[in-house]
């Protein structure tokens, strides 16, 4: 039987046990990595997520192929390797890829780096890993399997859930909570003060921000993303939310479960966003509005009012050669003049018609 | 007399002495917290900032209520607690809330954490608090009552004013100055190099950025906001400016006193912005322009030229269902065609009218 | 001969040897700094980058003036100091300014700060400077002359090239590479995970991001800018690229050599951007598109599709007084109605004309 050079391989039979799918082929075949169709070799498994690539799949040198039922008959006719049929080959690929990465990632030793500054009243699970130069304040809790990389800050009485991973230089402030299996990327700031002021005689009086940020399970937060603590009540990020880099979430927002936002999105304070929504890069959401479940906002779109119906929404000025844009921008500025001309024409034409 | 459980309470008489207002009721009543109208109880003070909530106020269980003169008569008729009449109940609330938060916040011990790396020539006031893993370079000054949280960096000869608070992981670079009572949130970078280059043969030659960032008193800077140092002269943030998260201020900008910017705003280099302006989230301000005092720019608006008159300015494409937006985007792109058609119609109609 | 007070001066002859140009005047004259035309004195050199300032140059007290050939005759007639004629006075100024800054900057001592946490298998060149609280993981390489300021994180097997400077609190993740003479500003995050998920039953399955970020020589990366690692292949930033602050570069992007981006730009995943392009602040580039060489995108412009021809492209809604914008926004929303009216008019006018 073929064996991967470093012995870190898995039998197809075991993959199917772990990740599902129907196997057509020898369950004893071993694979050691995932590779794209055109580069896969004798110890690789590959996947067909798009029927347009059937020809490429047919010629692939992969030991095995993950594919959808609809592609099975045609691929089986030409491709000689093993096949795993799955209703969702892309999700199967994602899970298997996680497995292969874990197989080759050296395990982190549990324990606290000697340079870390941990308050005696903080409770760090013995299985957690705390990196160099980490600061953990009084009463904070870091649960089993959590990984806190170098330079992170965890404030008073904050809670980090099981198997959650903070990359280097995260700031996670007092009283904030994140659930299990979360990932917070470098430079993210969770629980900074919300932007709340009273105005008095032309200057601003700060309103203390005493709420928390409460984050569910399986939430990813991107690099340098900021989530502000609530003013009085909490800011809430529900389970399964995925936030990309450089996103701003204002105080007292609620982001519904399994909603995803691409980079540079801004959500102003007290916005309530539904579940299973998606936001393209740099979409901007006004404060104090509600977005229904299953709303999809295109990149670079400003949403000033509530969106109560699911669907796709867009609003950006179409790009053009600069000279053409300048012409159109002037015309947009003068649209009321054009409308007046059209109205005058309608009146003149009515007169001409009626005058006959 | 009623007393709060933990004894951390204040008499209404003392509150009025501190924060002003006319008291109608027993000055000896003690309150221990601020709470919203509908949740306030026997040891809480609440406030009415909006006359629409008069009915709620009438039924509130709060021990005392702060309200405006215009609401006094109607509320007095139905509400049984004490009343404090203030011309600006929201500002009164903000100041009192700060007081109540301070009452329950454990005081920070002054001193330098043993893990901090402080250059011997830096001058740290004995009353300042320096957290774990802080780095302070040669010649820097940290004044009385300042709080520098864990992981902050303060560059050579930088100056941090009295009672200014840096949250964890701020980078405050060489020579920069911030005044008294400022707040800089985590991840903010003050005094990074401005973006200045000469072009030579298609590649960029860096222009050294030798100016500073000079920040006044009572300035708040949000998480992960960046303010670049000047090229030769300084970048200036005047007193009372409030910057939210993820804002970019380019080199040699001047932001006028008591101007506020919401998250994700960008200001390009050498822009001069007036006093008492407001900028909605993700507003973008071009470089080398001037914005007058009391200008208010709506979120997601690009400002390419100077605005010399106060007022509200807006410019973003209205959001719509994607299909509708596509139709309108095509029509915007073809506005010159529509204008030509209108002109042709005008000519034809003139001919028809004159031809009769 | 005149001498600068601190003796840190350079003769004009040596400046011309270093930075080129034709000297008209005494090569023995010493200058100690660069100053603007109107402020320059007897130990300063100044420069004329814009012919409109010829009058100012004529009256300048600078010891010497750098100017273009086109300005030479006119300035020589009135200005009494030495002149250095250069085809590109601004680039000459940039290089000389770097020299003068270096002259007065105290040299950093090479070596590793005692608080830094360096893995024994990391290779740090003896000439590199590693600041306080830095963390460097296993197998990382820091080459000759590199400067890693306080609080930086360098991941496993990452490589930092010769004379590259990381300002405080940079996160540079596992396996990423940056070439020589780079500058990475505070808070930048290089090599965070790309934003890639498979969807299964309405929730997201993370796709491991196993590519790297590979950065060429002479690249500047601004404060709090984020560059994600590739999903499988690498994210690539070519030589001479200049990125300002708060920019987001998605996974698997390629940014062509000598392209510059202003603050707050976002580039979604797998975009390929040409050489010598420029992007104004907050320009947004869609994923999976291609931008040709020498494309210039105006600030606040969304680019949804590939741009295959060089030139300037723009697309933002023109700003106006809020009331005027509201009128125009309504008209934009109803452009199809206006088009229908124009069509109806065209038909009516044709009937009127033909009916005669």
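All chains are identified by letter, namely A, B and C, in their written order; residue positions are counted from 1 within each chain.
Just so we're on the same page, a residue touches a chain if its C-beta (ideal position, glycine included) is under 8 Å from a C-beta of that chain, and two chains touch if they have at least 3 such contacts.
These figures come from a predicted structure and were not determined experimentally.
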item: Fitted rotation between chain B and its twin chain C in degrees, CA, nearest 5; value: 120
item: Same-residue or different-residue interface between chain A and chain B, half as cut-off; value: different
item: Whole-Å separation of chain centres (CA-atom averages), chain A against chain B; value: 27
item: Contacts with 2+ other chains: residues of chain A; value: 115, 133, 151, 169, 187, 224, 246, 264, 282, 316-318, 320, 332, 338, 342, 345, 349, 352
item: Chain B - residues contacting chain C, complex; value: 115, 117, 133, 135, 151, 153, 155, 169, 171, 173, 187, 189, 192-193, 195, 197-200, 202-208, 210, 224, 226, 228, 232, 246, 248, 250, 264, 266, 268, 282, 284, 286, 297-298, 301-304, 311-318, 320, 324, 327-328, 331-332, 338, 341-342, 345, 348-349, 352
item: Residue numbers on chain A that touch chain C, as the complex places them; value: 36, 88, 90-91, 93-95, 97-98, 100-101, 113, 115, 131-133, 149-151, 167-169, 183, 185-187, 218, 220, 222-224, 240, 242, 244-246, 258, 260, 262-264, 276, 281-282, 299-300, 316-322, 325-326, 329-330, 332-333, 335-336, 338-339, 342, 345-346, 349, 352-353
